[in-house]
Amino acid sequence: MNHPILMATLLLAPFVGFLINGLRYKRHSANLAGVIATTAVVISFISAILLVVDLVGLPPETRVISVKFFEWISVASLKINAGFVLDPVSAIMILVITGVGSLIHLFSIGYMHHDAGAAKYFAYLNLFLFNMLILVLGDSLPVMFVGWEGVGLCSYLLIGFWFTDDQKAAAGMKAFVTNRVGDAAFLLGMFILFLSFGTLTFSEINQLAPTDPTLAWMNPVTLGTLFLFIGATGKSAQIPLYVWLPDAMAGPTPVSALIHAATMVTAGVYMIVRLNPLFLAAPNTMMIIAIIGALTVLLGATIGMTQWDIKKVLAYSTVSQLGYMFLACGVGAFGAAMFHLMTHAFFKALMFLGSGSVIHAMHEEQDIRKMGGLKKYLPITHWTFFFGWVAIIGLPPFAGFFSKDEILAFAFFSPLGHEALWAVGALGATLTAFYMTRLMALTFWGKSRVPKDTHPHESPPTMSIPLIVLGVLSIVGGWIGIPHVIGAILPGHPENFLEHWLHHSIKPIPGLTPFDVTTEWVLMGVSVTLAICSAFVAYHMYVQAPQKPEKVAKAIGPVYKVIYNKYFVDEAYFAGIINPLVKASKGLWYYIDVNFIDKTTYVISDVVRGGGSLVRSLQNGNIQVYAMYISLGLVATLLFLLVR
Amino acid sequence: MGRDSFEIIVNGVKMIVIFLMMVQVVPILVWLERRGSAFIQNRFGPNRVGPLGLLQLLADAVKFLTKEEFFPEKGIKFLYYAAPVSALIPATLAFLAIPLGAPIKLDTFEMFGQTWGPYTFLIQGYEIGVGIVFILAVSSLAAYTILMAGWGSGNKYALLGALRASSQTISYELAMGLSIVGVILLYGTFNLTDMVTSQQGPLSFLFQGHTVTLGWLPNWGIFYQPLAALIFYAAAFAESNRLPFDLAEGEAELVAGFHVEYGGFKFNLFFIGEYGHCLVASALMVTFFFGGYQIPLITPDEMLVHVQGLMGAGNAAAIVNGLLHHVVFLIKMAVFVWIFIQVRWTLPRFRYDQLMDLGWKTMLPWALANTILTAALIYVAHT
Amino acid sequence: MTPDVFLFWFLALTTVLAALGVIISANPIYSVLSLVMTMVGVAAIFVTLGAYFLAGVQLIVYAGAVLVLFVMVLMLFDLKHEIHAFTRGPVTGAIKIAAVGLLGGMIVGAIALSANSLMKTENNGIQTVIEGDSTKALGKLLFSQYLFGFEALGVLLLVVAVGAVALARAKGGTHAQH
Amino acid sequence: MLLSAVVFLPMLFALIVALWPNQRTLRPLALGFALIEFALSLGIFYYFDPSSSALQLVERYPWIERFGITYFFGIDGISLWLVILTTFLTPVALLGAWKSIEERVRGFLACVFILEAAMLGTFLAMDAVFFYLFWELSLVPMYFMIGIWGGARRIYATVKFFIFTMVGSVLMLVAIIYMMFLTAEAFGTMSASLLDFYRLDIPFISGQFLSPQTLMFSAFALAFAIKVPVFPLHTWLPDAHVEAPTPGSVILAGVMLKMGTYGFMRWVMPVFPEATVHYAWFFMLIGVIGIIYGALVAMVQPDIKKLVAYSSVSHMGYILIGLFALNEFGVTGGLYQMLNHGISTGALFLLVGMIYERTHSREISRYGGLAGVLPFFTIAFFIVTLSSIAVPMTNGFIGEFLILLGAFQANSVWGYFAVSGVVLGAVYMLWMFKRVFFGPQGELVKDEHHPLHDLSVREMFVLAPMIVLVFWMGLYPSFFLNYSKASLDHFVKNQAHYELAIQSGKEVAQ
Amino acid sequence: MLSTDLFTQIGLGHYLVLSALLFCCGMAGVLLRRNAIVLLMSIELMLNAVNVSFVAFSRYLGQQEGQIMVFFVMTIAAAEAAVGLALAVSIFKRFREVNIRYFEHLKG
């Protein structure tokens, strides 16, 4: 089959699903809607596979399939096509998106079957996939931006899916607005790039990207990348724009899995990877990215340790893991970032779906203090969740281990990296192990704290099958990127397949020397050990000595309070930005608009009116007085004529 | 001193003579009216004083003069007395402007030891280029007389009568003026003498460049403007406040209208004024529509030749010719005066609204139509 | 003194006196009658100026129609308790009288001062004075060059006729009380 | 002939409608007329040559020869879409107001048609005096529309509207007359033709306000700036919008505001090139202030319609900075944004009007949870909201993107500030959307005595074309831009010395 | 001018002075009288004064146009009188008086 048709199928299948479900949503039963939506995504998935197969068949140097549908915007030198390009990077993405997307759709059939708005839900979900595919396939920044905003929009719709709840609606809005801040920066980034490069197509930008890095700040490359990165922080929930993601958990849980864990939030990372030659040319930006990434790792992890809401924990975990990806990008390890993106998609989607299964079983209960000991009620969920857990805390040979390890290694070895970054990453891994174990412990293990009237039950097969598939992927997903040091000692010497695959798409880090094998082993050992220790500590604290956490919390008092309250960032934003803005706006309206401008015009009109009423006394309606004026005028005129 | 002074003197004399003539006709008319009405109503009328009651006029005059002088309590003296005096003026002024006979063309002759002439003597108070306009103008002043009388009497019947009379006068003046427009268009002049002159000879007119002549008819305006004649005559009735349009007097409603408070000679003056109007109207009818002073089918010049044939050439013939035409004019006029009288005694009185309706809704439109039609016909005739 | 000169002075005097009568008579009826006099006088002045037709029209229109209306209206109103004939207010009154006096004085003065130039135009124009019956020429002018004005006036009169009827007929006049 | 027909046909329609005896068939008749007019205006496409930047379909006859005033219609790529927008929005507004106007329908419809004619004339007239005529004429019907069929404070609003706009236009008239004298000086004969204005070389002294060009420029700019309206002169707009009846708002926001920006493009920037360049910064500044200020004030409005009105201030700020960026992107974006704003704000006003018809309230705080009650209405509103906040794939994005790019290219400082409008736009629209459509049901929504009905078929018919256009213009802007491209390129490239040729075009069938 | 010419040589100036006097009389009436109808009459007087000068000029300049203007003035005067009287009638109906000050109550 030819590529345009495949590409069109890939893109439009979800869109058609959206239209079918969206236009007739009142008349569809939940199941039918689900089936339609899932079918659409599966069709998309199949096309994606077919496309990728074709892509694999191409020689590595020219491994690009690009399709141009029509000219979208064409003004002067700005020519933007509705063009889509499939290359190794986007290939990974579409597989993940459509693959994980199919699973999540399948899961949703079960999860949403009792919801009246299920068809609407599936419509949104399909629309999301459509936009996400545009985002990853777009051949230029504006086309990517279409998807970029589109996914934000769907995220908004899905977060506010249960719109009758004011908080959920507010959460949706928060997500959209926060994203918009990023988008504005994204736009600026685009402008800067366009004005200096004259194009917005990825391939051309990457070609034109200067080869020698520049250290200047006011350089278009630095500025442009910086603004793009700010855009990425919005979409990918990095400091300072991460605040929307935890709130986004207001949406249905499969949505959290798909959008807020697996796909959308990784868009920022994907964008940076897409433009890696450009970013490499801006070391300053790279440094900022790395620092922000590292800080986000810590921030997410610390907050995650204190949360009681199962989804909030996962959300902060997502923030933290995304931090890893940015850390990887920041140190130039774009391949590692993509790798972690992929593995994270598997295990985090898995964990979210698992949590969804739990919530479903607990009748919409999300507080882990009311769970515990669910292992026996939900065996499948527990075991799949378990694999996700081992993957995320980085136990070899599960998926998370390889990707996280690669990131840490690059952080240490890359000329753009730093030992401190590695240390932060390792600390993050430790904390991750702690809070994930805590989550496991509180939810599945230990004594049951389930309220009497709740009877947890295992989910239907539509929900468990995706869990199992993702569980398997969490186990094996990491094996495509086995590091050289490990590959060297394994039987058959499996090479780093992913690195090979991305070889032509990713520019090597300038000045990168091959890793020192010993050091790498040591680092790997340290991080794994730390993680295991921390996991045990957590297990001890939450399963064996359930009163301990409280004591610890009391012991560190204020610190705990700060962390528990998410560092008061939301409050700070409200107090520092939003409230002043609203107040200022009201002030502007009241003082400037109503009182100043209008009053000024009133003054003018009063002056005119006053003058008028002064003159009006002359015009008192008495005709004879008018006649007198006329005659006086005549006298004056004649006098003038005579005297002259 | 020269022609101007001479003209002034001649005209002054003529004016006085004609005025006196007009005034003197009135008693005769009164007699005629009374006898005529009696005749119409099959009774005798004045027949005791003098032969055929002719001396009744004299008796009446005596009676008027000997009546007690009377002034209404709430009247306004100036107006009360001024009104009857001025009542004569409009009719007189109008009458003076009408050519009453063919002009007498005098050759040079000797008199009082001086050579006079040649001189054309008009049997007419004075000749005015815009005669019609003048007549209309002065006759429109008649309204004031009535109003002055009505207001000056200090009597509400008098006032109402005056108001009626004056509004009636104004209303019908319009129709009258408009009906004359057709005549003016026809003759192409305002000058009455010219009008009369253009009516001489047999009926002949231009039609599409051809001259059509009907030898057995005089070239009178009535044949060109019958509608105008009708309207004019009817309006004249209203103008002079005569029956059937004498709403101003309306004995049944208003006692006697604006002259209810007048008696004696003052009343007589009003009377004269009214008859003066009749005379003017009749004279105008003759002038406009019936060839004026001309003898039918014969022009004054032809007639002069006939007269000269009888008397020989000379000023005497010219004078006789002029007087002859004057008599012809008087006969024609008498016919219309008689019609005035006959109408008065045959037709009933209108109601006031009918009067106004007739004036505004019937006569005015027809007069307008007549004007337009005449204009159109003249246009057609000349192309 | 030629008759013309006599006539002029006689008419001028009559007219001005009558005009004064208009404004001085306390009784509006007398005012109107004075005005009639003035109109007749003006018509006569037209005659001395050779505008016979205009004189006739002046009489018909003013004396015959317009002023009769005035008289009738006044008589209908029956203004027994005549209002103060003149406006009160010493200051404005004085100003008004002064204004009129000044105006009159100055116009007359201006004319007198410019008499020389006027005389000149008179002398220049005297050859072209239109003698005799100019009515036909007048009509031709009116219906050719000034046709538009004539038509416009026709429309104006129609409007005025309708408007006047509407105004006068309306119950309670312009201050209808509902 | 075609342009004259397009302009004057609505006048004829107004007359017919005003005299139409049958009340019942009045509205269908008017709608039919409006559609005929729309179809007629589509006829322009047939004769329009998109590859030319010249003035096309020109009709030029002497009118008052003594002053060089001509009857001069012409169309080019700049006015083409505005004309279509006008004729398109009129039937939409009429259909949208099918029920909201109950009294004096005849007069209202006549007003609409006269207004349409005046606006079309404004866009098509190429003679200053002729232009001014239409410009002022457009005030009158709008004055009556607000003053007679408006809300509670309609008299205040309409007088304010009238006086504000009048003040500017009077100055413009003075400037026009002065310009005519300048043409007399320069070319020997007086002329009010725009083309002669373009040929004028008006003295400009940099930095001196009293130089002729600067003065003329200010006079024209003030007139248009009030109409647009730009920041400190905008206060008439919220009042006028709030009090205007729905179709009035639609046309006011949809087309009338564009008359201001169009005026800048046609009558200010090419005529006073030096002054334009010299003072562009000022207009960029007030444009940016307008964007931010409008958005902020819109955010805190308690009244939906007022919110939309202030959002117009913000959007018009975009157009202004786009135009004064003086580069292809900005100007193209500016023109495109005019159309977008016409569609999206027009649709917003329609929607607000629809909900107002149902509840007779526009107070945001009394709504809530509408999404559950009126799903179709919500969808429509949401799509229009998206268009308004310039989400990609809707029309708004194209315009905003180009404008911001242009502004950024002109001077990046403005770009940085203007971009903030992107965020603020989302804030105020979505916050309003949230408060009205989401959350628990508000007092108006759950009122059981008056259950709300979702969109009727008629209303769907009104909204459908708007929604189609929102996406069409967002997805395939080339269709629209291609017609204007030549003109806009010409406009930008020859900014320093603009000339407009006249092209006879394809022969117009009589 | 101060010779007997003044009295015997009647010229344009004489008519103009006459016209001016009439005009001033009319104006005085307009300014000073209170009766609306007298006011109207005064206006007629002023118009007539103007007519006199028109005709005088017409004669002495030998142009017919002056007389044409007189026509127009007359027509307008008649129209004005009709409307003025109608107004006076309305005022009278309401106030039983035609004092000019009641015209202040006229509203458009």
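Each chain gets a letter, A, B, C, D and E, in the order it is written, and its residues are counted from 1.
In the analysis below, contacts are C-beta pairs under 8 Å (C-beta built on N, C-alpha and C of every residue); 3 or more make two chains touch, one makes a residue touch a chain.
No experiment lies behind these values; they were computed from the predicted model shown.
Shared contact partners of chain D and chain E are A.
Ranked by separation of Cα centres from chain A, the top chain is B. Each chain gets a centre from the mean of its Cα atoms; the one farthest from the centre of chain D is B.
With centres computed from Cα atoms alone, the innermost chain of the structure is D. Across the structure, the highest number of inter-chain C-beta contacts is found for C-E. Taking each chain's centre as the average of its CA atoms, chain B and chain D sit 78 Å apart. If you average the Cα atoms of chain A and of chain D, the two centres end up 38 Å apart. Taking each chain's centre as the average of its CA atoms, chain B and chain C sit 29 Å apart. Chain E has its Cα centroid 92 Å from the Cα centroid of chain A. Shown for chain E are the residues in touch with two or more other chains, namely 27, 31-32, 100, 105-106.
Shared interface positions of chain A, defined as residues touching 2 or more other chains, are 624, 628, 631.
Touching two or more other chains at once is no residue of chain D. By the contact rule set out at the top, the touching chain pairs are A-C, A-D, A-E, B-C, C-E. Here chain C touches chain B in the complex through residues 2-3, 29, 33, 36, 40, 43, 52-53, 55-60, 63-65, 68-69, 71-72, 75-76, 132-133, 135, going by the rule given at the top. Against chain A, in their complex, chain D makes its touches with residues 160, 163-164, 232, 234-235, 238, 293, 296-297, 299-301, 327-329, 332-333, 369, 371-372, 375, 386, 391-393, 397-398, 401-402, 404-405, 408-409, 412, 415-416, 419-420, 422-423, 426-427, 430-431, 434, 437-441, 475-478, 481, 485, 489.
By the touch criterion stated above, chain E contacts chain A in their complex at residues 27, 30-32, 39, 100-101, 103-106.
Those residues of chain E whose C-beta lies close enough to touch chain C in the complex are 1, 7-8, 10-18, 20-29, 31-35, 37-38, 40-42, 44-45, 48, 51-52, 55-56, 58-62, 64-65, 67-68, 70-72, 74-79, 81-83, 85-94, 97-100, 105-107.
Interface residues of chain B, counted against chain C in their complex, comprise 4-5, 8, 76, 79, 128-130, 133-134, 136-138, 140-141, 143-144, 147-148, 150-151, 159, 162-163, 166-167, 169-170, 173, 177, 190-191.
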